[in-house]
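Common to both upcoming complexes is subunit A, partnered first by subunit B, then by subunit C.
Let's turn to the complex of A and B:
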């Protein structure tokens, strides 16, 4: 039995070594290489001393934060009301459906909607406000990024709320809590595990959204993702690109740590 | 009975889900300070009664008064009634203290009073010192106590218990039965306990309401219900019983299994078809020529406290006997029993008519006991 299990697990270990451990190690080694291929610390030094890189990191962080907050603000109430509906699985499917589409297709669709002759501007003209520059603004980037990330927040939050036992709500009402108190003291705290997973699923990818920054934001927003892409593909500075990749991984761990599960009332172990 | 002694009263309460009737025009009154049990199989509507009192659902028809007040528009959080849920429904994100303190916090009580009350009630359920424990770290029995403490700390007029012991193992369940009964006596709060376990109901209740398919079939003390079941359903549900068809020859004489027997019931028409109940523990195994009935033993099972002996009489009726002495399979034995061990049930009798008839004839049957035909204790 255990022998069989070991045999069966070999492909997974191979996968992890080949596609997770090995690339990360390569990235680590690469980040200590200069343009000429020699061992150097200049990449790290440049990153931490360059105003451009630090501002870009901060900007990345800020946008990822805003996208996460907006997604959460939209998804939590949506998920909550979804759990109260009769055909909740059907509605959930409808809301999750857009994830089946390629992100580039969705980006092009938004270009069509937001462009100068697009649907939104036509509407604005008819009501007399006149056409505006919508595409290639920071606002449009935020809106589109939020739209794309919503399903990844909605799903874990929905599951967390949906899993809450109905008797929990009855118990709270029975003990004298009104509907709002029940939500605040029982439903919301219990659903936090879903919110945590949602934040992890949205924040980290948002740090490195690089196609959207070009297609929707017209490079007005430069995220770490854009910078990594530029370093690898345009300036061919693989060392710098790798350094930033490593930094992204570290940020990821930091986010995981901040949003880790904490149990109240249980002595630390 | 004074009206202020009545805590809950149901008047022709009906509950329908979609078109299905879960409760069929139920009326009853519960007095303050008593231990009531709703007994019935799952799906008989007993939990619906609990939910109606707690305010989790509203009746389709009829009125429910709690402390004399109409409750149709009273939400659960405004009722002085608390519930102990079947799955405990403890809040997993809070420790024991916060769970118990929940109701008091909602009432905006000050912190000192809260911690005093919580520690008092935890002492009451023998969980002193468990305040900081997480819910996941508690055993089933401990969770049960927390759930009880969480309800009691609010000092409700009435405690509703929805099959609270069903998830516990046998030993713990028996212990909790004693504790609940003791707690109820000490606090004097009305308990309404829902269960499908007849032993639980018999052990704890002042009064039992036996339910079937949305109706209350019989209400009475554990003794009443055990000794004078109204019909086959109740007799069968409350403990093991031998139920055979018989005919009432005249008052105090019944015939079944091809013979006539003296009994203590009456008030039926002559030659009326009736159901006859004799409890297995009331039958005594004797020599074949002694005793009123003769059976040939078909099977014998050792049950620990007693042997469960099953045999057939000459008419083919099956009889179960609980006996502390063993016998042999295939042997012909006599069964002895007293007139008051025979319980006679009219077919399709209403509870009112039944109670009236019992009242009329129980006085007479006690005189027959005085005459020395033997008491069954």
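Let's turn to the complex of A and C:
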């Protein structure tokens, strides 16, 4: 009975095999290949014995961590306040609208804003601090990456807080909790599911923002993504690039495991 | 309480300013006579005129839209039937496996998708260019379509299908008369998301584009690496207005749809209430 229906889904299953499973396998196989194409373990060996690669990975991890913390610190209050406004869906849309602006154009805007005579430096001049070198520094990478990732944290946190049953908040107030206590023991624990998906949506891409490291950080920051792009498109060392790709995938799974959905853990339920 | 509300408003306003400053900055300086992004010397439209005469950029813009329209369309068709396939898969394990496989590309970093697709195209000897970009865009848009369509399928009243079958409808009729109409909003949302994914993508395209073909993102990247050119600013004004009207239009259509639904009682509501 379901034969016809299955026929229609065949392109989808083909897609899974060809574009999901197969590419990952290819990456895995490639990571065991040397520059000459022969089977070898050198890539993995080089990776784990080279100080350069290990430091780079740690730095990349640290940057992603900082970016995630910064976006969370900015987005959480914003998401919470948003849920309390009238027309909250409209305001949410207004705040996430910049996401639809091409990421490279946003990065390009910061080349102007952070430049030697740009907006920020003019501001610093006026208040008497004086112009600083901002562009092509690690700080500029953090600023721009945080800017770009904010909506991706804002959205899941907003949804999580917005889904909280209003009667639970009322019940908490009825039982004598003040606004802060209600927030701490009712809203915050429930909103953690949104924070987890936000971390997933920000941390993993932050490991691979290679265009920002090139445009904004002037190669002062090398993330895993930069290194992979470098190996694939510049030095043509696909084996090493794939090895780091596999490392990135492993980190991705680790992050997803840490931030996975939890059934329990909501106190008072 | 009111004091808190004020603080909330101020905070939101500051975030709003932070998020829009770079965009406003780009647009403001697109009218700058001086040709730099820091000293505004006078109003001019010359950068827009230069943009209109830049035939290379216009061709690239058209190519980008062509890729986005086509890839979103194909991804929507494949993804919709994929979602229907997942919905009807009988065993729970199969369903979960399919869903996990579906989500891999959604959570994968762009560089991984780009690099692994590059390996794939090289292995099978596929020429890099328009078609490799199109195929990649279709590939990374399919999972988002599935995610948009699947909840609509779960919301659909399964008894309607049984009823239709009882009344003698064949598979095609069930699909056309029952399933597709109930999931249309999901399909539209999926198409819209796929379209924006394709327009916005840089990293994956950058890996699989080869030499002869470029999308706007790739072109902006290579121009931005060479330094400031106010033609890019002019382009961003236009792209922002386009994105703004697209999103606003989509939002109002969705709003109207929900209002519409409330006005006309959903005929299946009663049955849903009766179903245990």
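A few remarks follow.
Note that the second predicted complex is superposed on the first by the 258 of 269 C-alpha atoms of A that agree within 3 Å, B and C clash if a C-alpha of one lies under 4 Å from a C-alpha of the other, contacts with A are read in each partner's own complex, and residues count from 1 in each chain.
The definition used in the following text is that a residue touches a chain if its C-beta (ideal position, glycine included) is under 8 Å from a C-beta of that chain, and two chains touch if they have at least 3 such contacts.
Bear in mind the structure is a predicted one, so any value in this text is a computation, not a measurement.
After superposition on subunit A, the partners subunit B and subunit C are accommodated together without colliding. Once chain A of one complex is fitted onto chain A of the other, the partner contacts of A:200 are limited to subunit C, with no touch recorded for subunit B.
In the superposed model, A:178 lies in contact with subunit B only, and not with subunit C.
When the two complexes are overlaid on their common chain A, residue A:126 makes contact with neither subunit B nor subunit C.
More subunit A residues lie in contact with C than with the other chain of the pair subunit B and subunit C. Contacts of A:22 after superposition: subunit C is touched, whereas subunit B is not reached.
By the touch criterion stated above, A:109 is placed in contact with subunit C alone, subunit B being left untouched. Touch criterion not met for A:51: it reaches neither subunit B nor subunit C. The superposed arrangement places subunit B and subunit C with a least CA-CA distance of 12 Å.
Applying the stated touch rule to the two superposed structures, the subunit B and subunit C interfaces on subunit A have no residue in common.
Interface residues of subunit C, counted against subunit A in their complex, comprise 1, 4-5, 8-9, 11-12, 15-16, 18-23, 25-26, 29, 37-39, 77-79, 81-82, 84-85, 88, 98, 101-102, 104-105, 107-120, 123, 139, 142, 146, 171-172, 175, 196, 199-200, 202-203, 206-207, 216-217, 220-221, 224-225, 228, 232, 235-236, 239-240, 243-244, 246-247, 251. Touching subunit C in their complex are the following residues of subunit A: 1-2, 4-6, 8-9, 11-13, 15-16, 18-24, 26-27, 30, 74, 77-78, 81-82, 84-85, 90-91, 93-95, 97-98, 100-113, 115, 117-119, 122, 147, 150-151, 179, 200, 204-205, 207-208, 210-211, 214-215, 224-225, 228-229, 232-233, 238, 241-242, 245, 248-249, 252, 256. Subunit B makes touch with subunit A in their complex at residues 54-56, 75-77, 81-83, 85-87, 89-98, 102-103, 106-107, 132-134, 136-137, 150-151, 154. Residues of subunit A that touch subunit B in their complex: 165, 167-168, 170-178, 181, 185-186, 189-190, 192, 263-267.
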